[in-house]
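Take a look at these structures.
One chain, subunit A, appears in both complexes that follow, with subunit B as partner in the first and subunit C in the second.
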Partner chain A sequence: MQDLEKAFQARIDAGEVIEPRDWMPEKYRKTNIRQISQHAHSEVVGMLPEGNWITRAPSLRRKVALLAKIQDEAGHGLYLYSAAETLGISRDELYDQLHTGKAKYSSIFNYPSLTWADMGAIGWLVDGAAIVNQVMLTRTSFGPYARAMVRICKEESFHQRQGYEIMLTLCKGTEVQKQMAQDALNRWWWPSLMMFGPPDAESTHTEQSMKWRIKRKSNDELRQYFIDMTIPQAEVLGITVPDPDLKWNEERGHYDFGEIDWDEFWQVVKGHGPCNKQRLDARKNAWNEGEWVRDAAVAYAEKQANKQEQIAVAG
Partner chain B sequence: MNDQLYQYLLLLGDNPLILGHRLSELCGHGPSLETDIALTNISLDLFGQVRHYFQYAAKLNGENQTEDDVAFLRYEHQYKNTLLVEQPNTDFAYVIGRQFLFDAYHLPLLEQLMASKDKQISAIAHKSIKEVKYHHRFSSEWVKRLGDGTEASHQKMQTAIEDLWPFVAELFEETPLEQAMKEEGIGADLSQVKEKYDADVQNIFELAQLQRPDHQYTQSGGKKGVHSEQLGYILADLQYMQRAYPNMTW
Partner chain C sequence: MKKEWPIWEVFIRTKNGLEHRHVGSLHATDSKMAIENARDVYTRRQEGVSIWVVESKYISASNPDNGEELFDPAKDKAYRHPTFYKLPDEVKHM
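So, the complex of A and B:
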């Protein structure tokens, strides 16, 4: 057993890709299931805050782009559930974990989308932060996850540009539109920084995940990278992040930033964010109300298969 | 401007607009990710068609009109969609029933419009028919699945069809506008569309173990701008941004 684990670690260290049929430590399997399914749930729950604005999109062009974006997220959910399924867990079980609160999803989606500008801010910041988190996963050790991420990251960067372009249009628009953009940045900025997870000192999974190349950079490193990348983009827009302590640190070559409200973060993780209940209820409702539909599809498929069989027997 | 052609483009565009809207309400709430993606796809196709019709209409109108002016800045009575497509997403059987009852009309309608003397309408129809063939395949497959699935799904599908049936006749009620467009060789001949419709619906209902409703009463008015109570709420959503923040670029 020890030898198997050593050999496994050696493969990872050599940069080899682990495939579903390969031997793997149970904990590696579990950690991957947890992370991939959490990511899949985030894609699917993430459809809700933006879905909220499809019917009210301000132009046909924006409506179509938003619909297509949310459809991409559903597609991401599909690839990721499939990747998790290769580890020997079914989609139904994964949904069950989501619905019972056993599995988590990204906390950011527990914040409300209040105006059209939120469609810009979400694309720019939330998809932007997702990319920073995920680019490293295109080279994660588990093959199906890495391959899903290659495809997903391409689409996420398209979403990020699309969101930024919504913001740019607002900021070039009327005073009311610019205020709308600023207000959205004010509300989404801190939750976006929280997307990178707790500070390294408090992060429970980091070390082992780094060893297995399930994770490749620390939460704090990624957060800093995101901030450094995003501040110049806000400057182009002419709006400011709601952080009085933010300033360029010449020595570090990075932006310094203010204290993140980790109490808020943990409150939301525990289920006490502004929309946790609505988001989960929406998913549970869709699932429960869809049960008779899924049952019908199974029953119909069985009937069709029986008919085929009878034809075969008769022939 | 050619007002009749303009009005006819509204008539053609408003059904996909309102049906696309109804489907877009479901995004993220479908019974499975796969159906969610498929329904969003149909919604996207329909909005694509709307944009073709309304860009053309806006150009005819001149006066710097845009597709968005046509889509968002009309009053209730100026929308010409049929009552069928504005009916709500009561449950998945209604969504599928409404879709199939519309697709079975939309497909032969576009077949006719491909032969329109109006080059642009003909081009839009050529492009759209590929999409609508897929919509029809999707909705008719689901009518069969639900109709011939479980006892419960059969009941729900039959109920949805019963409830939606009164709105079917309006699809084929020829308005003076449609008659004029048909006579000019621009518009569709609805009697021919109906022939195909009846055969198609009969066939799918049989395969789905569904009874064709036999009630005689019908509901219509949408094409003339007299809608059900549903449309006001749809427009409240659809027009919200344009009304609350007029004259801005998005």
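So, the complex of A and C:
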């Protein structure tokens, strides 16, 4: 056992990719299932705040873009569920974990999307933060997860650009429109920074995940990278992030930023965010009310298969 | 009733002249639905001109634990490669 684990670690250290049927420590399997499924759930629940605005998109151009983005997110969920299933857990079990609250999804999706500008802020900031994380994961050690990430990253950049374009249009519009963009940035900024997870000092899984190359960069590193990248983009828009402590630190070569409200983060993770119940109810309803459709499809397929068999026997 | 739909593996030919390549998997009740779902999931940006699907349970795979006995015998057969054969420089087109 010891030897197998050592040999496994040696493979990881040599930069090898682990495939589903390779030997792996049970904890590696579990950690990957947890992380990949959490990621899949986030893609799927993440469709809900944006779905809220499809029928109210201000133009046909915006509407087809938003629809295409949301459809991509459904695809991302599917790529990731498939990757998790290669580790020996069924899709129904994964859904069950989401619906019973046993599995988590990114807490950002428990915030409401109040105005059209939120579609801009979500694409720009939420997808932007997701991209930072996902680019790192294209080189994660588990093959199916890494391949899903490559596919996802190719599709994500349009998500961020369409969001930023919405912000840009609003910021170049009337004073009221610019205010709307600023208000969306105010509400989404801090939750976006929380997307990278708790600070390294408090992050329980980080060390082992880094050793196994499930993660390749720490939460704080990724967060800093995201901030450094995003502030100049806000400057182009002419709006400001709601952080009085934010300023460029010449010595560090990075932006310093204010204290993140981790109490709020944990409240939302524990289910007390503004929309936790609404999001989970929407998922459960979709699943429960779709049951007869899933069953009917199975019954139809079985009937067709039987017919084929009878024809074969008669012939 | 609660019966999970079977898993299908999806193979896409990105353009004529290239082979079908494995791109991922999905759930569907039959092959027709599997192809339709594959179209929606894996070819939203013209990634393919042809789709194959096969129910995962019909795929047999080699065991990674037997990797050595399966693949190592090819290791010491350098004579299967053109560089094994030393020819004088003046020989062209070979």
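Rule of thumb we're sticking to: the second predicted complex is superposed on the first by the 315 of 315 C-alpha atoms of A that agree within 3 Å, B and C clash if a C-alpha of one lies under 4 Å from a C-alpha of the other, contacts with A are read in each partner's own complex, and residues count from 1 in each chain.
Note that in this section a contact is a pair of C-beta atoms (placed from the backbone, for glycine too) under 8 Å apart; a residue touches a chain by one contact, two chains touch by 3 or more.
Bear in mind that the values here come from a model prediction, so they are computed numbers and not experimental data.
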Have a look at where A:78 lands relative to subunit B and subunit C in the superposition and call it first, second, both or neither. both
For subunit A, which side has the bigger count of touched residues, subunit B or subunit C? B
First, second, both or neither for A:176, with subunit B first and subunit C second: first
Touch check for A:57: first (subunit B), second (subunit C), both, or neither? first
Would you check which partner chain A:282 touches, where first means subunit B only, second means subunit C only, and both and neither mean what they say? first
Which partner does A:294 reach: the first (subunit B), the second (subunit C), both, or neither? both
When the two structures are overlaid on chain A, which partner does A:90 contact: first (subunit B), second (subunit C), both, or neither? second
In the overlaid three-chain picture, which partner chain does A:22 touch, first (subunit B) or second (subunit C), both, or neither? second
Subunit B and subunit C footprints on subunit A, overlapping residues: 68, 71, 75, 78, 291, 294-295, 297-298, 300
Residues on subunit A engaged by subunit C in the complex (per definition of touch): 19, 21-23, 68, 71-72, 75, 78-79, 82, 85, 90-92, 147-148, 151, 155, 291, 294-295, 297-298, 300-301, 304-305
Can you list the subunit B residues touching subunit A in their complex? 21, 24-25, 27-37, 40-41, 43-44, 47-48, 50-51, 54, 67-68, 71-72, 91-92, 144-146, 148-150, 152-153, 156, 237-238, 240-242, 245, 248-250
Across the complex, what residues on subunit C touch subunit A? 1-5, 7, 23-27, 29-30, 33, 40-41, 44-45, 61, 63-65
Applying the document's contact rule, which stretches of subunit A touch subunit B when the two form their complex? 44, 47-48, 51, 54-64, 67-68, 70-71, 74-75, 77-78, 81, 116, 166, 169-170, 172-174, 176-177, 282, 285-287, 289-300, 303
